[in-house]
Amino acid sequence: MKEKKHNHKKHNHENHIHEEQIQVRKKSMTMITLKRLSESKTAMIGLGIIILIFLVSLIGPFFCKYGVNEMIMADRCLPPSAKHWFGTDTYGRDIFVRLLYGGRYSLILGISGSLFGLAIGVVLGLINGYIGGAFDNIFMRILDIWSAIPGTLLAVLISTVLGPGFFNTMVALSIGSVPLIIRLLRGRILSVGHEEFLEAATTINASPFRIMFKHMLPNVISPVIVNTTMSVGGVILEAAALSYIGLGIQPPNPEWGAMLSDAKNYATYYPWMLLFPGCAIALVVLCINLLGDGLRDAIDPKLKK
Amino acid sequence: MKAGTNRMGKYILNRLLWMIFVLVGTAIVIFTIMYFIPKDIAKVLLGSSATQAELASLRERLGLNDPYIVQLLRYLKNVFTKFDLGKSYIYNVPVMQELLSRIPRTFFIGCSVILFDSLLGIPLGLMAGLNQNKWQDALCMVLALIFVSVPNFWLALQLVDIFAVKLHWLPAFGIGGIKYYIMPVFAAFVSGVATNARQMRSSLLDVTRADYITSARAKGVSERNVVLKHMLPNALIPVVTGLGVGLGKSIAGSVIIETVFTIPGVGMYLLTGINNADYPVVQGSIIILSFFSALVMLLLDIVYAQVDPRIKAQYSGRMHGVTK
Amino acid sequence: MVPVIEIKDLAKYFSVPAGKNLAVDGVSLKIERGKTMGVVGESGCGKSTLGRTIIRLYEPTSGQILLNGEDVSHAKGAQLKKARENMQIIFQDPYSSLNPRMTVEETVSEPLEISHKYKSKAEIMDKMRELFHRVGIDKRYRLAYPHEMDGGRRQRVGIARAIALNPEFVMCDEPVSALDVSVQAQVLNLLMDLQEQYQLTYMFVTHDLSVVKHISDHISVMYLGQLVETSPSKELFANPLHPYTKALLSAIPSIDIHRPMQRKILKGELTSAINPKPGCRFAPRCEFATESCSAPQGLQEVGTDHFVSCCRINEI
Amino acid sequence: MDDNNVFLSVNDLVVEYTSDKKIIYAVNGVSLKLEKGKTLGLVGETGAGKTTIAKSILRILPDPPAKIKSGQCIVGGEDMMQKTEKEMLDIRGNKISMIFQDPMTALNPIMTVGEQIAEVIKLHDKSLNKKQAFAKAMDALEMVGIKAERGGEFPFQFSGGMKQRVVIAMALASNPELLLADEPTTALDVTIQAQILSMIKELQQRQNTSMLLITHDLGVVAETCDDTAVIYAGEIVESGSKEDIFDHPAHPYTIGLFAALPKLNEETDRLNPIKGMTPDPSELPEGCKFHPRCEFAEKKCKCEQIPMVEVSPGHFCRCCRVNELER
């Protein structure tokens, strides 16, 4: 049953290639993970809603009859109706339209803040993992200090110093997440670091750069990716909190936290002003967490069943 | 057992030294970030109408003309030898004095939050993990997911609306008796409970697969004791670590929660400082909050060493292969 | 003839919290072309460290490594690159020795690409096909990932990677310990076939004495970082002299049920090579130990190519 | 084998695992017999179902994913499968004990070894108070050659061999009638393996314990066992006395195993490996599970359910061509 085309090169130690009828399929770990992820209903619902919100917040405003900062004095403080789906605020601005615009801020801020932190963390973590030794000792002490200042406080501090603005807020939000990413990476590098394929790469003269990015990174990154996915939700919450206390994104920009801050004094009389932005934040964060949970289960399926 | 206490003493001493190191480091970092504030403080304080001479004399008085390193060392010396965090630019009151009256309130909220986080989160996670894929699990995890997703200040605002404004059960803001703290603490601990429950569940599921659990079953240990004596202590180890992370969040959260409930704590003070560009206040508040966080971390480290004997043993030299 | 590998007084120390770990401490040996040197010893005796130091995965603390007579012990840059192409390694654990994120093809072609010896993609593909054939991997596994293959096949991929650049010296670090008996025999045969065809020189590190006897021409026994006995393979099994070698040989469970081995059960355990006292490191477990054993020991020739490090060798 | 003297008898045990919607056929109708005070060696390669059998006897397989489909495990006349969970608690660690393969992970990392041994002693002798149980645990430690004063130490303070001694002390602390030893020396070095094996042997003889020794190492079987059963892909392919199997192996798989082994007292140029690999337990071949690797395989090997044949008194073999192949 041996394959015919092999016979011309018959060799004395070929007896193990017997009856290989199975088709060898190419399935990388990434593809297996994605397939498992796609099988998780909750994760897919989460992903679907996030994409939907993102698209609607990008395209939606073009189709709305109200401008984002368009104040209609006659329509102040209206409850939800067919005209204003989610009601209007104290300046007569349409809350639905503002929520759509605000979705861009929240999502982009959440994603870019997490990615920025991820990038810094990965670079520092990899360099530290590769050098190791005494450098690692000193680096970990620095990290101890870095993480001793609670993340949100660091964000408050940095946005105070840098001042408001989208980029500044993003930097402020991401700095606090870096130590955790480095720790996660370090833990993984320590457990993978002694694996023999890294030694093998050294013996075939692979460059440090190649070892770090081709051999080490793909094998240590998965818990970091899960963490980053989850942290998008955290960053959105933090961004909202910053705006709420008057830092970060500033009014009249319709950031969801800033909208809550505007509305806080009228909650008793006009509950919709508070309800809709809050629900929007909770919904987006919930969906991101669903996706993150699904991703974690897909990467580490042991936890599931 | 004498060796045990000795080992513990060594461990605590080591952690204390580490904490002092971290405190100094934190102070340096915070000072440095504040130093690079791109505003001319003298101008902020005196307004745009001030003359050059006035500005210069104010800068001189505040020591702003000294080089960075001199200012830093002066600040560190004041903080660590005199417990002096400087004077508020606006009110001209020592920051430390103002903070002392506020610290207990913030610490009370912070400690209650950590307490409830662990007292509620751990049993919930345990229940979920032990009933994996059953309705209890599903219920806990759905609740946990919702709770981590809700912004705490929004929850706080809704609570005020319901319990204070509509039902008149609880005071909406300010300080007074214990009932002033019920809503703030609740709003602050909800997401921590959820985080802990999720962590507890996953670490319990990890432990379930461990070989020593099989070997405990093979000894004839009842399922109840397998859980209580073998699984739980081992599963708690990562949860205790997680508490440290949650702690940072809850302390930072105090800034927001105090704002919502107008509680005159460290967080409110910090925020007033930010709004008034009163930088000694900002700096002092953040340092105090970080110190508090470091202190609780130290306590957690000690708890951690109690749960995991391997930590303590590092300080006695009696590990396998390192003996003699 | 110049031996392919010769090491002189090689030492590799590691700093550990408790002091210095003398993982390899003054080891000298040579391996002739086309021969196999077996290195046996228990876990923690430094046999793997020795092999890894020789192929320059670790920087030696002192001593010399001669590759075809050329000192490569502190080689750097281009010289090190050239030396590494000539010295390869086959690992113990086929699960951790292959990058789980790379296909078989990527793993095997990587050394070919890095070496820049092949000008085009086509040449690399040709060479790779030849390698697959040599080690007996069906080319349908080209695009498979390690997790899709069993231990035996993974080990073959590891072997293909090691011989890709036609090295002269291959250090085999327990290459069959993780495999089942039936597959173990397949891999051992493959290694011996390759040696025959390409005149490979092996250093075969293992704890399994029956395997090492089968494959080696020469055997060195290590204990806590030092050689205690080295001899031609047959001679060692016929006439073991060091008390540790004797105990080791007698400990092998034999499948001959009618002639049970006279068992010598060693007391105590292998400790560690951290801050050892001078003298024979085996003495605390040795039934013949006397005061003279606490003096530093050296290898002495007791027969043709047969060296033993024991001061009481003539008395026992 | 004298049927009256049989202490452990496993009859037609079938165990399956479910994972990712696939069914893994781990144990497919295994029957074993073991006499009082004797040792039965169960030999097989990775994934052959050895450990699953031992865990089934103790009923400690995690369910799900594992499921005991059918079969009996009769120990001292009582079927373990019929016992309630409460009755099993009294049996585990008392009447039947188990030694695990990996001593590194088999001990609870945050309990002292003394506590862990005392736990099993106190569980099965309720009359003892904490102190007495601890004192007995110290005796058990001394029995396996560990100084009693180390009882207050944690597992990470012991080396691998020492940990395995602790595991053995734990298993033997309450004088079990049946000991299930799952690869007790695989993770250890040869000289330590020799120590541990001879110690197990000695303690077993002293307490007249019956032992099921699970291993992949034929050498270990040769040295310690009275009877032998060879398992392949969840089926016993050959069983009999040690002499039957080692002197007259009958099944092509057993013969192949011996041939693939490098021998100490023979000079061979090349080994004779068994071709191919062990089958995936979720896609077992029809008929004889070994036929794709067997050099004697014929058409009938591929479709029939092969029964056990008695080749000589007490020596059974699951091969339909065994009589034709007889030398």
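In this document, chain identifiers A, B, C and D correspond to the written order of the chains, with residue numbering beginning at 1 in each.
Everything that follows uses one rule, which is that contacts are C-beta pairs under 8 Å (C-beta built on N, C-alpha and C of every residue); 3 or more make two chains touch, one makes a residue touch a chain.
Predicted, not measured: the structure shown is a model, and the values here were computed from it.
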Top chain pair, ranked by number of contacting C-beta pairs: A-B
Select the chain at the greatest separation from subunit C, using centres from the mean of Cα atoms. B
Which one of the chains is closest to the middle, using the mean of its C-alpha atoms? A
Could you give the separation in Å between the centres of subunit B and subunit D, each centre being the mean of its C-alpha atoms? 52
I'd like the Å distance between the centres of subunit A and subunit C, where a centre is the mean of that chain's Cα atoms. 46
Inter-centroid spacing, subunit B versus subunit A (mean Cα positions, whole Å): 24
Junction residues of subunit D, two or more chains touched: 159, 273, 275, 277
Which positions in subunit B touch two or more other chains at once? 321
If I count partner chains per residue in subunit A, which residues reach a count of at least 2? 15-16, 305
Going by the contact rule at the top, pick out the subunit A residues touching subunit B in the complex. 141-142, 144-153, 156-158, 160-161, 163, 180, 233, 237, 240-241, 244-247, 257, 260, 264, 267-268, 271, 274, 277-278, 281-283, 285-286, 289-290, 293, 302-303, 305
Which positions of subunit B touch subunit A when the two form their complex? 18, 21-22, 25-26, 29-30, 33-34, 36-38, 133, 145-146, 148-154, 157-158, 160-161, 165-166, 202, 205-206, 209, 245, 247-249, 251-253, 255-256, 259-260, 270-271, 274-275, 282, 286, 289-290, 293-294, 297
If we count contacts the way the header does, which residues on subunit A are in touch with subunit C in the complex? 9, 11-17, 20, 23-30, 195-197, 199-206, 210, 215, 218-219
Within their complex, subunit C touches subunit D through residues 42-43, 150, 152-153, 180-186, 188-189, 192, 207, 209-211, 213-215, 237, 247-248, 250-257, 260, 263, 265-266, 269-270
Complex contact set, residues of subunit C against subunit A: 52, 55, 57, 81, 84-85, 87-89, 91-93, 96-101, 103, 110-111, 114-115, 133-134, 136-138, 140-145, 147-148, 152, 158, 161, 164-165, 186, 189-190, 193
